[in-house]
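Naming follows writing order (A, B, C, D, E and F), and every chain is counted from residue 1.
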Amino acid sequence: MELVFTTWNEVEAYLDRSKGIIVPLGSIEQHGPNGLIGTDALCAEAIARGISGSDDVMLGPTIAFGVAPFNLRFPGTISMRSKTLMSIVTDYVQSLASQGFERFYFLNGHGGNVGPVRAACQDLQAERSLSASGSQRDMRFFFRSWWEYPTADALRRELYGEGEGMHATPSEIAITQALFPEHPKAAPAAAPPRLSIEYLRDHAGDNHADARQHRLHFPDGRVGSDSRLARPEHGRTLLDAAIEDGKRDYKTFLSQL
Amino acid sequence: MELVFTTWNEVEAYLDRSKGIIVPLGSIEQHGPNGLIGTDALCAEAIARGISGSDDVMLGPTIAFGVAPFNLRFPGTISMRSKTLMSIVTDYVQSLASQGFERFYFLNGHGGNVGPVRAACQDLQAERSLSASGSQRDMRFFFRSWWEYPTADALRRELYGEGEGMHATPSEIAITQALFPEHPKAAPAAAPPRLSIEYLRDHAGDNHADARQHRLHFPDGRVGSDSRLARPEHGRTLLDAAIEDGKRDYKTFLSQL
Amino acid sequence: MELVFTTWNEVEAYLDRSKGIIVPLGSIEQHGPNGLIGTDALCAEAIARGISGSDDVMLGPTIAFGVAPFNLRFPGTISMRSKTLMSIVTDYVQSLASQGFERFYFLNGHGGNVGPVRAACQDLQAERSLSASGSQRDMRFFFRSWWEYPTADALRRELYGEGEGMHATPSEIAITQALFPEHPKAAPAAAPPRLSIEYLRDHAGDNHADARQHRLHFPDGRVGSDSRLARPEHGRTLLDAAIEDGKRDYKTFLSQL
Amino acid sequence: MELVFTTWNEVEAYLDRSKGIIVPLGSIEQHGPNGLIGTDALCAEAIARGISGSDDVMLGPTIAFGVAPFNLRFPGTISMRSKTLMSIVTDYVQSLASQGFERFYFLNGHGGNVGPVRAACQDLQAERSLSASGSQRDMRFFFRSWWEYPTADALRRELYGEGEGMHATPSEIAITQALFPEHPKAAPAAAPPRLSIEYLRDHAGDNHADARQHRLHFPDGRVGSDSRLARPEHGRTLLDAAIEDGKRDYKTFLSQL
Amino acid sequence: MELVFTTWNEVEAYLDRSKGIIVPLGSIEQHGPNGLIGTDALCAEAIARGISGSDDVMLGPTIAFGVAPFNLRFPGTISMRSKTLMSIVTDYVQSLASQGFERFYFLNGHGGNVGPVRAACQDLQAERSLSASGSQRDMRFFFRSWWEYPTADALRRELYGEGEGMHATPSEIAITQALFPEHPKAAPAAAPPRLSIEYLRDHAGDNHADARQHRLHFPDGRVGSDSRLARPEHGRTLLDAAIEDGKRDYKTFLSQL
Amino acid sequence: MELVFTTWNEVEAYLDRSKGIIVPLGSIEQHGPNGLIGTDALCAEAIARGISGSDDVMLGPTIAFGVAPFNLRFPGTISMRSKTLMSIVTDYVQSLASQGFERFYFLNGHGGNVGPVRAACQDLQAERSLSASGSQRDMRFFFRSWWEYPTADALRRELYGEGEGMHATPSEIAITQALFPEHPKAAPAAAPPRLSIEYLRDHAGDNHADARQHRLHFPDGRVGSDSRLARPEHGRTLLDAAIEDGKRDYKTFLSQL
């Protein structure tokens, strides 16, 4: 079930069957010369939609905006401040929790969201933990980036090896190729500059250089990823693998004590 | 052009042709027994997509989450605090402004967003106005709710008269029927309770009752709207009218001194 | 009754008679060559004082500071950020609500306050709506700009026609002339530049240009208003009309279900 | 000169003569059985108005709302959160500083404002100190509570001795009696409970008990003050003394290097 | 007892004996040519540790970071914004209050903390006072700067007279000399510039000049303090005096009604 | 060099040799029956002190307060909200950056800090990236939890195997035993409940259960860690290993392009 396409009566009925919801998390940022700016949101949403194919799993609306300040010098990137993403997650969760939802499964498509979303979940639990009232309902969070799914992870390594790289990866681009054949993009002529692991580590987004440095170091936006390798048929296989992994993972989360 | 389906190189090239962008604003909230929870976001996005059909108009990603606290007692409603929506708008605008965008046209689908988005725009201008540096680029905002478009407004009054009402209107439901025939919903058996204008005025969301009172006063979620009247063919006509109105309106905005 | 001139015992007794309070909202900003910087606050306060002439209507202290960033380049303008005005309204309301006040009638004197005050009221209701506890007292808001009062509105149009304009209007200046004859100001020599409706619409404060542009477009501060037309005797008539309208409007608000 | 009664042209001209402004700070809170709720704001404003009697001294609009959470259980008290008062001070100062004002003299009428206003001033200086740009104009603050003025302080001790107490003092009530004879209040029948210095110290607002405890300890709102002693003629003398002290103090502030 | 060196079981047992805790407050800022950057935190912590020598007094972890924006141009100074210090105090207090602590005694080592910490305590009480629930536990604050202790204060005046000055005082430096003989610093060659009381008053941190001005006025960081006079043996005596004063003061606080 | 024990002149001289600083991050929270509440801060600080043994490496003051809401039901735990820790990190970094520091190496001792500190660093870079001015100095961050150091990590696995567990680990307790023999604690009588990997995963702090659930699931505070195994001599070895690893790691960070 997909929340935006239901009525409130259908949601009310759903809450008798389940207290869980899947929340896709994306980012609006450059993905190199042939990657879509919406890649992260589009991938997370598609996988989450696959997981929520039955009437017993609810797909919440995608939080498409992520935290990607290091990509701001590439036009088209829209980056939330961490505090903003934390507020979005807080209001999203509190709204649904006031209605009976208790289990929030974040399906993430962008590395820069990990810190802020975990921070938001900790603060949500802090408010509950500091409050005097003892009768509160349960509230549990789970956070999973899709590339951590074991089958999908094995597949992308098998398909692309070192070419998978770190940003604008062929795997995520292949998924959007499978999903949106009506938006074809010409592959870049060249591989990304061949970089040592050390170089990549020093300059990847997680080490928090600013946007000027980031564009200087990675002039076409790819961080070690050879996005020429992406093929729509890979994307379909990756999607299927991630969806199967996700179904199991979500079920495990719901069964936690 | 639709930002999420472009590459950063395409956005860079677009900025040579135009500094404008259309930003759809929605809400995730109950829309009565046969209205989709995503109605406001879906309508605003569809109209904005229609306006941005050429290579000279950029459609930004939809801010689907709006401010609708009065609907929180209807399951499925996700309401941002006003401050959160203000932060989203701020980060969205500042990201793109740092890359050269100068004209932001908000195409709104939900009444509760008017206050917070105007407030955010005022604060963005305040920061610019208080800063000492004189060399800043231009930054201009325009805010339009789609039902204010003259042709679309005339059409919905002609089609539904008093049945249009104030929330979960047949016009917005008709638009989603036209857009998503794969999600049909059974029309409610009855008209909404017949309410005097005074009663509606006193209890509508704009007068800021809380969610408990709101559900008490409007038990099936409709505020004076006879959503049984909605037809997909109306929706198509309304969409076309709004898109034509919007193209003119956006062009006028871009031509402002 | 005027809160600042009562004792707490008198307020305690008042709460047995009524749960309502009138809150005037102003702005501290330029009002052209012969308008007082305090115009908006002074007008709203005077009208609210007239409405609250009996022991059954309480006048709260004026929130004189409003949101007017577009006027910051005119010396003397003091503009709050929207978030600040939202915090003032929040603390004002929560203080009195903790003591038993339930109905807050905002009598507004400045257009730029509409967005932020509505946003604050929505967030106040959101906190109530999200909280688990069911036993809360009622809390209701009403927001009215004085120029919306029907008799006062008709009068200003009749008196000034197109010369009323949009900022530093002869009607608000006439009211301050009636109230403060000890602060006479020389009328400007000339009418404001004759502007088309389109030009005004494009450049008025509501379209959120910044303070530099605003002063450039409206060099003496008037936005289409011919403030030479203001006369103290008009002001007295306008005041009386607004007060009568306001008494009815406030009574209707109190009688809401 | 009083800002709210000037035009922007007059302010522009004033800035050629002086960069200073006096900002009265008050509080809206209970002042015992015969003290006005607006006492603190009314006293500070009246003294500040006296100081700014010439064309070379500007009186800014009063920030009437202060921080007085301990008095919230007495109806009529409106207390700002500290953060809100800090935001008001910040926006007030930044607005005027952007136009050329450089010296801000806070004339305070309420003890609870000391912490938050100093905190706000420190944060304003922090932003300037952390910024890279070297060309900023001067910005200086001075904070003075009127009862610290030496002549006024000696006078209130001489008039009331121990009866002056700590809250709802006869001196501040005498000032409002002098200012507003049209709002007479009956003096309480009894002196406040006779309290030891230790008891007062332990329970005064500065030691931050909450509002429930505060009303319990001081049931009629007076903290050791015998407000029966207040006389309008005392008030006039106190006002005159404070105004003379204030004129000297403000002049000294302006002459600082 | 020192919280960081206890186990949670020991704290649980302590709460049966006492609800109090001592919270040292410091600052990380320049202290002239021979004063340690950590001086304020080190002094407050050492005195607090002395007071909490028994099993019935708990020493909380030091909040070493204070508000000192005026010293930011001296390398090594780390200044919190006032709002940040307010948040630290809030979270610190709310954490322990949720476990049963009720009396918080702030032992302060830095003048710039007074405003923000008082502001935070007022806001903590405001939240309690505004909340509807009546069953909350007690929460009381006390704020004391160590130099206010009567014996210690008399001693420092006796030892240094006018040479004590206002910042980087010989008394605080003597205390760190006594505590940390392994970090000797060469005394400056000269006394600080001889300044009139008026000059000092005008330029001291409390009057909120910014960091550029502050360094200009006090080029070696001392504000009228002749830190050459500091001796480790003075420090030992000062420490002992402050600890004895503090034990009495804390006991009085705990005995408040 | 240790910042709190230097003078500002020494810091000024240091900045000619290096732009780097090490910032230890801890937490104040329960560490089971024989673990100190300050464990995380004490370990991180000791390792960082070892790394900064020379005049070319600066040790900044420890941020002892971390984010640990799940432990709030164990007395003694002091947890910052994520937003508070983000503000501390922001003000800490901006203070030093304004003086010339450019490289910030966070040496972390608590898992719950990862999200908030990364979030803060992203927001710091966002402000730089969004600002128009091009002449800013470099600002780089590195985040390392000490148990990730390869030698130390291997050692703790070798010493304790599965008994290392997830919270109140024998390795961190051994380190505090080595550092603070004057605070001995009796080891618990029993091993922690034997838990499956799945059970641990479901209930560890990272999955964000609230404090009530957390204490219910882990009644003595240990999460799968057999803290009986800790020995002071292990602690010394672990410390030495971590310090050597850290020296290399910090040097690598400084050498990044």
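Here are some notes:
Here is the rule we go by: a residue touches a chain if its C-beta (ideal position, glycine included) is under 8 Å from a C-beta of that chain, and two chains touch if they have at least 3 such contacts.
All figures in this text were calculated on a predicted structure; none of them were measured in a lab.
Counting steps between touching chains, the shortest path from subunit B to subunit E takes 2. Compared with subunit B, the chain whose C-alpha mean position is the greatest distance off is E.
At the interface between subunit B and subunit C, over half of the residue numbers involved are used by both copies, so each side presents largely the same positions. Chains compared, subunit A against subunit F: the Cα-based superposition rotates one onto the other by 180 degrees, nearest 5.
If you average the Cα atoms of subunit D and of subunit F, the two centres end up 46 Å apart.
A straight line joining the Cα centres of subunit C and subunit D is 25 Å long. For subunit B, the set of residues that touch two or more other chains comprises 72-73, 79, 81, 83, 95, 98, 129-130. Chain contact topology: the protein chains form a pattern that is neither a line, a ring, a star nor a complete graph.
Contact between chains, as defined at the top, is found for A-B, A-C, A-E, A-F, B-C, B-D, B-F, C-D, C-E, D-E, D-F, E-F.
Subunit E contributes residues 3-12, 14-15, 28, 30-38, 41-42, 60-62, 64-65, 72-81, 83-84, 87-88, 90-92, 95-96, 98-100, 180, 183, 185, 221 to its touches with subunit F in the complex.
Across the complex, subunit A meets subunit F through its residues 67, 69-70, 72-73, 79, 81-83, 86, 112, 114-126, 128-130, 134, 138-142, 202-203, 206-213, 217, 256-257. Listed in rising order, the residues of subunit C touching subunit A in the complex are 129-130, 132. Per the touch definition, subunit A reaches subunit C in the complex via residues 94-95, 98, 133, 135-136.
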